Each structure stands twice: as structure tokens, then as C-alpha cells.
Amino acid sequence: MTLTKEQAAEYLLQMYQIRAFEEQAEKSYMAGKIHGTMHLSIGQEASAVGSISTLEPDDFIIGHHRGHGLTIAKGADLNLMMAEFYGKENGYCRGRGGSMHIADVKGGNLGANGVVGGGIPMAVGIGIGLKMEAKDQVLLSFFGDGAASTGAFHESMILAELFQVPVVFICENNQYAMSFAASDWTTSKKIAAHGELYGLASTSTDGNDLIAVREAVQKGVDLARSGGGPSLVVNDTYRWRGHSKSDRNRYRTKEEIEEWKKKDPIGRFHDYCLKEKLLTEKEAEEIEDRAYADIEAARVFAEASPDPSVDTLEEGVYAP
Amino acid sequence: MREITYLEAVREAMTQEMERDSRVFLIGEDIGEYGGAFQVSYGMLEKFGHERILDTPITELGLTGAATGAALIGMRPIAEIMFMDFTTLASEQLVNQAAKLRFMFGGQSTVPLVLRTPAGSGTGAAEHHSQSFENWFVHVPGLKVVMPSTPYDVKGLLISSIRDNNPVVFIEHKLLYKTKGEVPEEMYEIPLGKADIKRQGKDLTIIATAIMVKKSLEAAEQLAQEGIDVEVVDPRTLRPLDTESIVNSVKKTGKVLIVHEAVKTGGFGGELAAVIAESEAFGYLEAPILRLAGREVPIPYNRNLESAAVPQVEDIIVKARELANLKV
Amino acid sequence: MTLTKEQAAEYLLQMYQIRAFEEQAEKSYMAGKIHGTMHLSIGQEASAVGSISTLEPDDFIIGHHRGHGLTIAKGADLNLMMAEFYGKENGYCRGRGGSMHIADVKGGNLGANGVVGGGIPMAVGIGIGLKMEAKDQVLLSFFGDGAASTGAFHESMILAELFQVPVVFICENNQYAMSFAASDWTTSKKIAAHGELYGLASTSTDGNDLIAVREAVQKGVDLARSGGGPSLVVNDTYRWRGHSKSDRNRYRTKEEIEEWKKKDPIGRFHDYCLKEKLLTEKEAEEIEDRAYADIEAARVFAEASPDPSVDTLEEGVYAP
Amino acid sequence: MREITYLEAVREAMTQEMERDSRVFLIGEDIGEYGGAFQVSYGMLEKFGHERILDTPITELGLTGAATGAALIGMRPIAEIMFMDFTTLASEQLVNQAAKLRFMFGGQSTVPLVLRTPAGSGTGAAEHHSQSFENWFVHVPGLKVVMPSTPYDVKGLLISSIRDNNPVVFIEHKLLYKTKGEVPEEMYEIPLGKADIKRQGKDLTIIATAIMVKKSLEAAEQLAQEGIDVEVVDPRTLRPLDTESIVNSVKKTGKVLIVHEAVKTGGFGGELAAVIAESEAFGYLEAPILRLAGREVPIPYNRNLESAAVPQVEDIIVKARELANLKV
């Protein structure tokens, strides 16, 4: 499954865009332009881009609270996404959802979620609907290692297998649920083992290696599309930043963080592309520059965008 | 006109809508071969097959979320929670997800979901199979809450609920399942948000829900013989509430008694009382607004205790008589 | 682990008492003396008696909706138990709980439960409490195969292992959750496999063989008492009667029921006792007669007992 | 007297009770090294160790049930649900088990459990981290519900809650965590079920909960300059409710405005209005009973929308002024 130059350029661009978006998000927050909290996915770019690179445009994803990367990988308009992050009226959710609830329904992104495990049961139902309508679309359902401890995960795996839904469940195991170390109750291997017991074809991958992620998820996507039912992929990765703005990183060491930074998914894919002659040094630099320029443009767009009018508060609670 | 039971009305509404719209399906526990704990969906598996009658293991949270997800992409699921007591397990997906997805996404989506569940006591099933939580869901913007009292209302309201583009919590009462009434064979809608005056009267208004409508009507007949003319208002839909019909009735009679089965404290009766007390009807009140509702206890097993825990016809008569004779 | 004559006599008596209680419960219901529903455990007597026979008097159990057998095996006073079943004031729960909520707290029975899976999370906490207080008591937590599909089960197994609670979780796999066949989503072996993955020592047994059940559960009890943490035992068994009074047995065949009746746990233990010369034919008959006489006496006691007074309705909601 | 924050008052009450009673322990998510999402339990792990500070994975139902089970055998657990929105996942164990075990068992058991959880909006955390469900739990016999508004009340009420032999839902408000007030260093109890008149007044009564007490007091100061003398009543405990104090205040002023953050429809304000409208205070009412509460929307992310979704000081002033000038 070798990549074309176009693919290489596209995936590297998306990864840089994610990195740049998260860095900008943090800056904007520090500058007091954003209220609320946010969950940054710096360090997890390969999991998002590698997984979603296997989809057709009309396929679906449903995400979790750490969803910026997933949203970009699914092809979101960066301006509308940044505007939503800023809570502006022309953002994807008219400023109602913000960081934890960005959705791009037309683009097949059925939304981030503020409730850990909250998206997993819905993923089963989306799969049921796709199957009933005999659509050949598939869904990627993303959640974290912490979500795997919830009852929602257990019930959903049982239902997914029972109804043989066309869904690939993707556990982004970044080693911690806030301060709770995945290793304290389970490991990514164990999550895959649970998946196997539920009856799902399950594997775990080096989640910082875009190629490895892509290959693992592609298997699941092919299985789902060919009527083979659900599968589970565990991407082992790491978040460089704290869990959220309330995090004081008391539960992990600087050394551990540094160790993982050496496995930077962008650096690795960058080097791979050069090694495989998919990109030149210069092309890669241009891509990086473009990514940061795109995000800067998005920031300008977002900051110039209007806040929702308070008169519209009650709009959109009920559908006609 | 043809008479069928409240239970048959539920089944008929679901069956006719499933015949009309291929996006409608059922999901729940033991709703297939078993026919549902109360036999509501009995026979539907034969008619629609396993593709559209989705029998699940015990997974209230999972199946409610599954219904929500299916609705999110345009299906029209009807989820059954076997007893309302178990909506405590499903409420995360119902309250945080189904009710909020549309607003949270800035109007990008609709969630045309119906969650059916039987509430109420009187079956001797005790603390874990007898509760009424309607006011929990009335408290959640994004949800609609329907609570029918007759077979006719069941069919029209359930059809409207299935066709509605929002999540609807459809609450049935176990003791009403076997009650009979006239129901047209053809399909019809009763708009959500319209109350029904089940009995016209001039001396006082009783606002009652579900089985308390039936009991209030019985009480009203007996009170009529004492010369007390009771109006019985059935909101039918609790959210959105038909405030106008309620306010008008109270303005007419000047006295109001609210009757529901759910525990009094924190119940829907409080909302009704507040709606009246803050409305123009306030100026017409000739007496305090009285509530008669479930006692402040879990539903006990013993038959006598169980029936003492919720309002009975005699209790309604006593309270209504007291109110009728009140002079302020 | 051979039995003494006294043990054999005691266990056979308890199994007959359970059978007799359930038959009486059914009769009383048919006669219109009981309202509500009930869940009979005829056919599951070995699982209840075999499991609980491993406990010391001050150990604990927490049960489920099909709990009559567990209650008798834990040494309940049959009169108070039958009175509760009849909803009488002098029943264990003053007639407030009835069939689905019988508890004998002094006797270490922390109650049946109307919510499937409802007792499992509490079991973890009871274990936490016993451990904190450094008691050497242990708990048996009973639930059905259907309960194993609930999120409550998943979360509880994770917490039980994390806190190393002195609890033996016992799944009474009677093959169905109402009409839902265990085989449709899992098997008793699979439930044990899940247990292993959670980190619990897990086994499944022939739940209709009292000796096999006793040996498996004894291992778990010894482990728990010696500080070795939680374990899981799956007892494969079968309920002869319908799920409850609303059951029309549409989901299983007469043949299947007949097949399982051949594995009658009482008959098997009866024959074992005779074979092992633990009891004589005559002694066994006397035991059976005594069991039925005990239950008849309990019925008379219950029917002669007073209903709770309606004036006491609001008692016991809050503790002083 | 020494001043500490509302948050420190929570921590101090828990710490002092844990020092006094070895049966008291904490269980929740990220309450150990992390210190809790709001740092409420920060430092307690060092003091009490992993034996008594039980950090759990994400298992709201499981940890709430674990706390319930521990309480059932005589421990006195304090469970933390990180955000009240997630009590939707815990409510089965809280509502069906903890609240009912004693009654269901005919009085054989007690369940001395405290479930602490922060409610409310204003932090920009949007739909899933901002809800207020107090009236759900007020609706459940067997539970007590406490909602403090000051550091002083927090300490006394939390100590009472921990010592109470019943399950108590202790609801904190995120925006109050940093507010300061005088709090004695020694331990003291504030009885559950006693309201507190936070401000004496004669023209009208405002009944407010949690952060709305603070806002109502600010509003009252400004209204005083207009010559409107407002009495502010803080129930502090919602279940059991101190009806007497409320009724007396309304009898004195003849006018009442109810203010809470939770969504208006189906909220606790309905219960308050009903309690007044059915009481002897009814005869003293000079105007309709008004409610000012959360709008009929999920809590949105955008800062302006978020603050427009719940009552602000200015809204209270406007509504109270309108009421003061009302003549019926």
C-alpha cells in the first residue's frame, strides 16, 4: 500500500495543519481570546490522518472531546472550524458547540463529544442505519483509552457485533485518561484483546506511524464495506500537552514526555516521505509553511467573524 | 366505532407507521419473539422481521444511543425501555446527546427518535418497576414529552411522535394497557402540545395526567351527584405544554387541583402550579392551587401500601370536595 | 473436598427447601394470593447452595431478581421469607420489598435486586469496605448471564480488580436473559474469558453439580480471604420455569427444557449422596419431606401474618 | 474571622471529617494526584494515601454503586462525579439503589453516602459540562439534596451531610469555588433542612439557590437604592425543604420571585411556587409568583449566549422591580 506523491503531500499537509491549529488554539487561549477549555491532540496527528485517510469522501466519522485533529483530517474548512473554536456565528455550529462539539455534518463528521464514551453507542446506531439503508458507506468511531473503561464501550461492542455494523472502532490510546494511566487498569493490547472477545477483528498499532495506522484501519474499512461487520483498531500514541487547561502534569514525568516527543509522528512521516522520494526537502518545507499560513488565515477569519446575536439564543433547539 | 385497547393502539400506530415509512424501526429488549414484557410488539417480528425489529441484550445505554445515532443519519427509530425505572441507565444518551445534538451542532442535524417506556405502579412489581420520571425529561430542552391517557390519544399522539423531527419521550401507563376505547382504523395525528378537555365543568379544574385522567373522570362523575361540576384537563403533551388551555380553564373555574401519580415533590405538578401562579389566571384564583400526587416514598410491594402510595379515586373526591367548598 | 454426612444432609435439605419454596410461590400466585411477578429458580438449586455452602456465617452475599434460592441457601428464616413474599408486616422487609427485594441483612444477605446488574457495582463497594476495615469476611456477588452484557458489569470488573476486593463474582448462566439466548452474544466460557481479561481468576462450572460448584467457588473464597482479590465463577445452569409470569416460552423448545430436566441438580446430588453413602434412601426421603413441611409451615405462618398498616407507609424512607 | 474560599471549605470539611472518622473516604475520577478537575481534593492524597483516596477510571455508574455498597456496610463514602452532567450515568445506582435500599429492606439498612458534584455554567465548557439537575434528585424520596451558596454554608452543610445517615446529593457551583468568606477553623454542623435568610427585607421575597443567591444579593443592594427592600431566602437544602421559613417570608412581603440557574421548565422553581401557592401564604400574595430561571436551551459555548442562557444580576433587578411595582 505505497503512497502517491499527491497522497504524501496531502497527509503531511493535514498533519501540519493539525499541529498548527493546536498551537494556534493554545496561543489564542493564552491571549484570553477563548474561554472554556480545550483538549489538544499534538502528538496524535498520525492517528487522525492515517485513520481517516482510508475513507471515501461520503464516509463518516464520529469523534470525542480531543477532536480537532479528526475534524481537520476529515477535510473541514479551516476557517469555519476556527470560527467555531472562537464561538463565532459563522462557525460550523454557529458558535453553540465550540471546541468540544465541532461537527461538520455535510462533510461526514458527526461531531466531537464532551462525554467520554458518549459517541460510541451512537456509532452503533449510525452503523445500523447505514446497514438498513444498504448504503456502502462506513463509519470510523474514535474514542480514547479512558473511554474503554466505560459501560458505554462494553454495551456498544456487544451491540456492534450483534448487528454486524459497518463500523471501525478506533481507540486512540494516548496512555492516559486525564491522570489515570492506561497501564493502571489495562494496556492497549488488552483493549484489542477485549475487542477480540466481543467478536471484533482487533489489532493494535504504532499510532505514531501514519503508514502502520493506515494499513490497520484500511483492513477494518474494507471489512466493513464488504459486509464483514465491525472491527477495532487501537492506535498507541501520546499527547504532548496536558489533558486540558486544568492539567498540572503531576502524574507523569518530563522524561516520559521527552521520550515520546522523539517519536513525533510528523517528523517520522516527513522523513519517510523524503526517504521514499515522495517529497523533496523543499516540497516538505513548502507544505509546512502552507499549513501554518492556512491556520493563520483561519485565525484572521475567525477573529474578524461576528459573535452570535443573543436574540438567536433559542434557535435550533427544536427542528420544525 | 371500533374499540381497541390502549396497548393495541400503541402496536397499531407503530405497525402502520412502519408500513408507511421504511425508516421506522423498533429497538429494545425482548421485543421480538417475546413480544415485549407487556406484549406491546407481539406479532411485529413476524410482520417485519429481524431487520426492523431489533432485539437487544440488556444494554439500556447502548440501545438508546444506537437509536440516537440511527436518528442522526435520518432513520426514525422507536426505542423501548422496558420499564421507566431503567431510563436512569439510558439518560446520558437521551439527555446529553439526543436532546442536544441539534442545538450543539448549530442546527446541522435532526434527531427523529421516539423513546417509549411504561411508567407507573399498581402491578405489584415494587420499587424498581413502578416509577414515574416524566418531570425529569420535561426539564430537558430539546426533548418532547408525551403522556397519553386513552387509546384514541395513544394512536394519534404516537403517530405524531414518530413523524416529529425531534426526540420524543413517549410514556405509557401499565394499568392503562388493557383499557378500551374507540380508535379509528385509519392513521391520524394529534398535534403535540395540544391539551384535551376530557370533561367540561364550571366549579373547579382538575389537571391530570395518564391514569389520573381516568381516575379524575370517575371522581368527577361522583362529585357531579353532589352538585360539584368538575372540568378535567389532560395536557397529553407535557413538553411543549398547552399553557393556554390550562390558563383558560382556571380562569373559568377559579379553582384548580393538580393530580399526578409521580412523587409530589419535584414533580410535574410543581411546573403546572407555577405556570398558573405566574399567569393571568392568578388573578382569577379563588383558592390555593392544590396538588394531589404520589406520596414521598418509593413504591412498596404490599398491595395496600402500593395503592396508598398514589392517588386513588376516593382521594381525588375528598380533595376536590375540600377545594370546592374552600372560600378565600 | 469430601462432604460430611451433616453437610450432605444440610445441602440436600436446602435444595429441597428451595424447590418447595418455588413450587409454593407458584401455587400461591396461581391462587391469587400474591400480586406482582416472581422469578423462580427451579433447576438452579445447585448453583445457590453449592456456592453459598463455602461461606462462613458472617460472610455476605448480594443477589439478583431471581433470588429465592440464594436467600434460603444463606440461611434465611423460611417464615420471615415467605411472609415477605406475601408482603406481610413481619416479613424480612416489612412487606415493602417482596419477591424481588428480599434481604436479610443480619444474616449477611444484602438483598435481591430488581435492576439487572444493579447489585454488581455495590458488590465492589462492599468489598472495598471489608478491605478497608480489614475484616476477613468475603462477599459472593450473584448475577445472571444477561447482567454480563450491562455496562455495570464492565465497570465493576475493572474496579474490582483495581481495588483487589475480597469478592467472588458468580454468574448464574441459565442460558437466557428473558428471551435473549446467552449463545446469541456470548457463552458462559466467554464470560469467564472476559473475567480473565479483567484480571480476575475465572472459571466456568457445571452449575447443576453441587460438588463442582462448591469446589470452584471455594477457590475464589480462599483467594479473597487470603487477600488475593476478586475472582469470577460462571455456573452453567437452566431455569425450568418461564422467566417470570409474563413469559410464554416462545423462544425455546419443550425438548430443550426436557433435556435440562434430566440434569436436575437435586436428583444428581441425591444420587451422589447415596452413592457416596453419605445418606440412605430413607434419610433422603425424610429430608425431602421435612423440606416440604418447612415450606408448608412457612405458608401457614405467612398467610396468618398481618398486612402492614397503611399508616406506616412513610416509615423507613429516611434513617434518623 | 479567617476567610477561605468555597472550594477550600469543601476540602476542609472533607479533611476534618476524614481525620475524625476512619470510615470516611473519597472515591472519584482524578481526585488523587490530579487533585480533582477543580483541585478540590488537591493535597488529600498525600495526607490520606491511596487507601482512602480512591482514584477510579471513568466509571460513573460503577463508582457510584461502589460508594453505595460501601455505605451499605457502614462506611461513609464521599463520591465525586466530576461534572453534574455525568450524574446521568450514575443515576441508576443513586436513584434506584442508594435512595431506596433502606425503605425496600423495611428499614434494615442505612446508606450514609455523600455524592458531591459541581453544577452550573459560566466556564465556557458548553452543553456537556454546564447542567444543573438538582430537581431530578429533589424528586426522589430517600435522597437529600443540598446546594450551598457560601463558604460558611459549604463547610457546615458538608459536615452535616457526611454525618447524615442517608444518601445526600451535595451540589457545588463551579463559579462559586473561588469566592471567599469567613469560615471557622473548628468543625460545625448546619442542620439539613434549614433555610437561611441572607438578607432581611419587607417589599418582596427572592428565593434563590447556589450562585443565584449571590446575584440576588447584588441585585438587592441596587434595588435598595431605588427604595425597594428585598428579602433574600436561601433554602440551602432543597430536600428536605424548609417550607416554614419560605412561607413566613412570603406572608411578610406578599410578593415572591424565584431565581435559579437550572432550566425553568420542570425545575425546582416549580416546586417552590407550588409549595407557596398551596400554603397559607397564598392568601397573602399581592402579585403572581414569578420565576426567573435558565432559558429553554442547552448551555451554549459562545460567551454571550452562555451568559444570556441563565439569569444575571441585571435580569434579577428588572424582574424584581417589575414585581415590586405590580399591583393586583
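Letters A, B, C and D name the chains as they come in the text, with residue numbers starting at 1 for each one.
Throughout what follows, a contact is a pair of C-beta atoms (placed from the backbone, for glycine too) under 8 Å apart; a residue touches a chain by one contact, two chains touch by 3 or more.
Remember, predicted model here, so these are calculated numbers, not experimental data.
Q: If you check the contacts of subunit A and subunit D, which chains show up for both?
A: Touches both subunit A and subunit D: B, C.
Q: Which chain's mean C-alpha position is the greatest distance from subunit B's?
A: A
Q: Please work out the Cα centroid separation of subunit B and subunit D, and write it as a whole number of Å.
A: Computed from C-alpha means, the inter-chain centre distance equals 29 Å.
Q: Could you grab the centroid distance between subunit A and subunit B? Build each centroid from C-alpha atoms only and quote it in angstrom.
A: Centre-to-centre distance between subunit A and subunit B: 40 Å.
Q: Quick one: subunit A and subunit C, Cα centre-to-centre, how many Å?
A: The answer is 46 Å.
Q: Using the touch rule from the top of the page, what residues of subunit B touch 2 or more other chains?
A: 56-57, 59, 61-62, 85-86, 89, 92, 96, 103-104, 126-128, 141-142, 296-298, 300
Q: Which residue numbers or ranges of subunit C touch two or more of the other chains?
A: Residues 93, 95-97, 101, 113-115, 118, 149-152, 155, 158, 162, 184-185, 317 of subunit C each touch two or more of the other chains.
Q: Think of each chain as a node with edges to the chains it touches; is that a line, ring, star, complete or other?
A: complete
Q: Spell out the part of subunit C that touches subunit B in their complex, as residue ranges.
A: Touching subunit B: residues 34-37, 87-88, 93, 95-101, 113-118, 146-147, 149-151, 177-180, 184-185, 246-248, 250-251, 307-308, 310, 313-314, 317 of subunit C.
Q: Spell out the part of subunit C that touches subunit D in their complex, as residue ranges.
A: Within the complex, subunit C touches subunit D at residues 60, 62, 91-97, 101, 103-106, 110-111, 113-115, 118, 120-130, 132-133, 151-152, 155-156, 158-159, 162-163, 315-320.
Q: Along subunit A, where are the residues that touch subunit C in the complex?
A: By the definition above, subunit A touches subunit C via 149-155, 158, 161-162, 184-186, 190, 193-194, 197.
Q: Hey, which residues of subunit B end up touching subunit C in the complex?
A: Against subunit C, the touching part of subunit B is residues 29-30, 32-35, 37-39, 55-59, 61-62, 85-86, 89, 123-129, 295-298, 300-305, 308-309.
Q: Show me the residue ranges of subunit D that touch subunit C in the complex, using the header's touch definition.
A: 25, 27, 51-52, 54, 56-57, 59, 61-75, 77, 92-93, 96-97, 101-112, 141-142, 144, 165-166
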